[in-house]
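The structure's right below; bear with me while I get my questions together.
As written, the chains take the letters A, B, C, D, E and F, and residue 1 is the first residue of each chain.
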């Protein structure tokens, strides 16, 4: 519980609340769009570089490979059962898009979790960042495959997107590319490099995270409010109940799977938490962007609202401390 | 001054590459693109505030003096609008030739 | 393609909420908004550089195929222009139905 | 509502001061400027990503109800387009007087 | 005098001069709009958080309440006499808008004054930030009330705005909300929170203030130059003289009232200076934005030019050191 | 060689590579335009201020004047021979624009070189920054003069721009103004000023340089790729060969002249490198902007592609370490 309060009273989370509150009182507070975009690039750049430097200092061992493989497999498996759970209750395109969304990860949730660990002085490994980056894309591919196989038949509009194209997309995706690239550079330049840019990537990290989460709070709350007026896109009440239920339960299920993997691999506390967070989090940038291209039949008012406006805050505010407590209790 | 059609398309950011590819493929003279415009329509508010770009529109203006190409363009645009929403307006204009 | 009116309004940023509320209240299909455009007119230069937004204009484009609603909109827009300046242009266009 | 011409010019950022000076000198009522728009044309892609502004276009909209001034403006715009490229479209519109 | 030169030779002020100089030589130097917006949000965020942390460390006493009340009352009284002084000489709507503008405060002038105090190693209290935030809005309400009461009769266009709406506006105003919110978070997280984001809110403060004032210098000078071409909006020569006189004298009058309050309450040097600065400064963001909505009859070429292009530089460059000298001399 | 690798493995350069790689794999990675603009303003602000403070600490001697004069003369001479070399092989307007481009300097190349020196602990003098600023504009004037004299006759469109106007332009040019202004302020406030804003101008310098070079890598590579589709602007194959040859050889020639000047003046290692870099670098902001106005007949697809997409990376990646090696070897 104390852990829980500790996390809730960290500035970054409080600024997320503040952003949401701004929307609640209909304040005109807004972060300029290009600034928000830049802050998210900064976070990917910083976490990537930090991870790379950490990697350059750590000795390479099998558990790294095991973790990477396990998590990538997880990110490919999650969409499958998610899809089959939801296909009865939702339009098939939406089911596929949600599946992809939850198989993938939220970089910011991960970043916040690393900040949470740093503040508590719990160590975590640099390769977890690679893990995060590598988990962004596989789910996209799986989601599309599922839709092409089960969905196309009932006459969906538009031509299916080629897999080759999809795979290209997923490596060249801007955020994945920036994380992996920064990580590579951090790994190459190691501590010398870190000395040069530490003031930017380390010292400013939590402060800029606050400002970014302030924006996230605004955007997420805004989205929940607009949801009422989603026009023809607005999901039915029935669909809505399914959405909320899924957005609340999927993270818990996936986090549990993550916990299982962590205990199987006997990961240390910090990595275990990050594994759970990666499993539990859902993408709200890379995957939705890919879905709009590859699966425009799917309704973003469904999958994006779920990941951005429900699952993201859930993991951020309750998930991280609860997963941490679970690890302390079980592992 | 030469009579031409002024085609104005508001479409989701994610569809723009498809659209510009189409413009190129049809051999049109060019286009002008105003990025990150906001709006509201059948699919609700679009605040251009999503990092995924999902809520951003682009405004594309195309001047074309070849009726056949105009037709072809509109044919190509329709499916995009069906898939991703948006509007396409066509009006008459005169093009100052230089 | 359906004949429609293309209404283009340039107005001070601060008046936009009033305008979009009007669009909604009249039940128009939608609108497109280009934020922070600059300009010059009776009230001098507007550089869109004020933190108060006082010198920022917005460009709003509205397609409407219902003459009655067009009239109503214009009636509603006029007082806004009187209070805060700006321009409103109406032209004929064709709307690509999808 | 008063009949007028709607003049729409897409031109390289660097030419804008020349253009606005012309508008002023001709005593036109005003103009609206959308900065940093992108595009493609005879001179290839323009991504509005150059720090020099070389690849940025501006979109200028001018409403004018004085035919003589319209002619004068177009005469003044042509050489700019010749030197720096771009497009100029003229169409009919109605101006909501306030 | 030394104090005066000391303040003038501080980087932030010199960058304000530089911005003005850029306009004077017709340089094309410009700060991108979204960056300027972000810098102002940053300053509110940082000053709010700092104030909150300071508050969490200070012991609560009656003088805090007294100061808050006194200053809020001041911000409601200033508009009244300002209005009656100006209503003869200016259009009634302008008189009301100017009244609101000068009753309210300029956050950046306040922020610069705190920087001035920090550099000179003079302490000031966190609750002064709350004071600043709470002084932003009351003047708006008073200004509108004055106009509704004395102005509407002579057939002003448009419908009067409801008070309820105005009050809502003033609490939900973006900058007020961000300052109070950041302050609350700073107060809750206290020194632990400060440790986490100090590099952003403290270390970068003066540097980013320089960049923001560079932009302010450009915008203010630009505005003065455009004033010549304010078209039909351009105030008459007579009006112009009244404007300039008011923009120069009101700060002095109000600063004097501030000095009075400071001596009555026996405030320490730092707080006394901030009280004078708050009294003397005029709003150029929150109030003008509110006036455009509630009082579009008023001409921004009048009130905004006064506060932004005359009073703001006056306080920044001459006011702060002069007020400080007055305090040293009298208190 | 070790020096060479050392420089290549510095984070800033690696991020330039990363940006180029992003374009190569057709990633959608992009830095928002206003952020890129701001980062470039920051670099000018920081280098200017640092230079000014350094100047305030250094004792003034004749070698300063000599260096300034020598470099300004160089920046006026380079365009002349460049013009006569190229006028046979390229359209006369392009020859003049390229001449101006290579006579002027690239602030970012200079800034990167200072970073390179700082990391290696090699000292350099503050007045070199003034040198850089003063070298930006003369070449523009010379280039236009050359064109007006040799070019206008063969009926070029448009009216020649007055010299007075050009000179005004060149002092009021945004970047020149910001560098000189920041330098002046740094010089006035000296170490006291530096203490106040060091976290911004010094600590964050290399980190923000990384982000800026990431953008430069994207823009430069993008430009090379677009070059294929430069439409009617696309230079002929013959022209293209001349362009590439000139973009590769001019830096070497000019660097050699710089080396000559450095040895004549007996400059210390650090300054010598900066002199070579200034001589070798070509402008891709100030000059192209001026050329679009004064020499629209010239094709930016020629001169801007040369300086931005060929010469800039050449100096950045190979030039700096090679010039450094040459200095170590010869001086």
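Please note the rule applied: a contact is a pair of C-beta atoms (placed from the backbone, for glycine too) under 8 Å apart; a residue touches a chain by one contact, two chains touch by 3 or more.
All figures in this text were calculated on a predicted structure; none of them were measured in a lab.
Asks: Could you tell me which chains are in contact with chain D and with chain E alike?
Replies: Touching chain D and chain E alike, sorted by label: C, F.
Asks: Provide the labels of all chains in contact with chain A and in contact with chain B.
Replies: Looking at chain B and chain A together, no chain touches each of them.
Asks: Please state whether the interface between chain C and chain D is built from the same residues or different ones, using more than half shared residue numbers as the mark of same.
Replies: different
Asks: Any idea how many Å lie between the Cα centroids of chain B and chain D?
Replies: Once rounded, the distance between the two centres reads 20 Å.
Asks: Just the number, please: Cα centre separation of chain C and chain E in whole Å.
Replies: Distance between chain centres, rounded to whole Å: 33 Å.
Asks: List the centre-to-centre spacing of chain A and chain F in whole Å, with centres computed as mean CA coordinates.
Replies: 41
Asks: Cα centroid separation between chain A and chain D, in whole Å?
Replies: Roughly 45 Å separates the two chain centres.
Asks: Check each residue of chain D and list the ones that touch at least two other chains.
Replies: 34, 41-42, 82, 91-92
Asks: By residue number and range, which residues of chain F touch two or more other chains?
Replies: 33-35, 37, 199, 203-204
Asks: Could you list each pair of chains that touch, in label order?
Replies: Chain-chain contacts present: A-B, A-E, A-F, B-C, B-D, C-D, C-E, D-F, E-F.
Asks: Which positions of chain E touch chain C when the two form their complex?
Replies: 33, 36-37, 40, 157-158, 218-219, 222, 226, 229-234, 284-286, 288-289, 292-293, 296-297, 300-301, 304
Asks: Write out the stretch or stretches of chain B touching chain A in their complex.
Replies: Where chain B meets chain A, its residues are 12, 14-15, 36, 41-45, 47-54, 79, 82-84.
Asks: Touching chain E in the complex: which residues of chain A?
Replies: 9-11, 14-15, 18, 21-22, 25-35, 119, 199, 203-204, 206-208, 210-211, 214
Asks: Provide the residue numbers of chain E that touch chain A in the complex, in ascending order.
Replies: The touching residues are 33-35, 37-38, 41-42, 45, 49, 168, 171-175, 177-178, 181-182, 185, 188-189, 193, 196-201, 203-204.
Asks: Inside the complex, what are the residues of chain C that reach chain D?
Replies: The touching residues are 8, 10, 34, 37-42, 57, 59, 74, 77-78, 81-82, 87-92.
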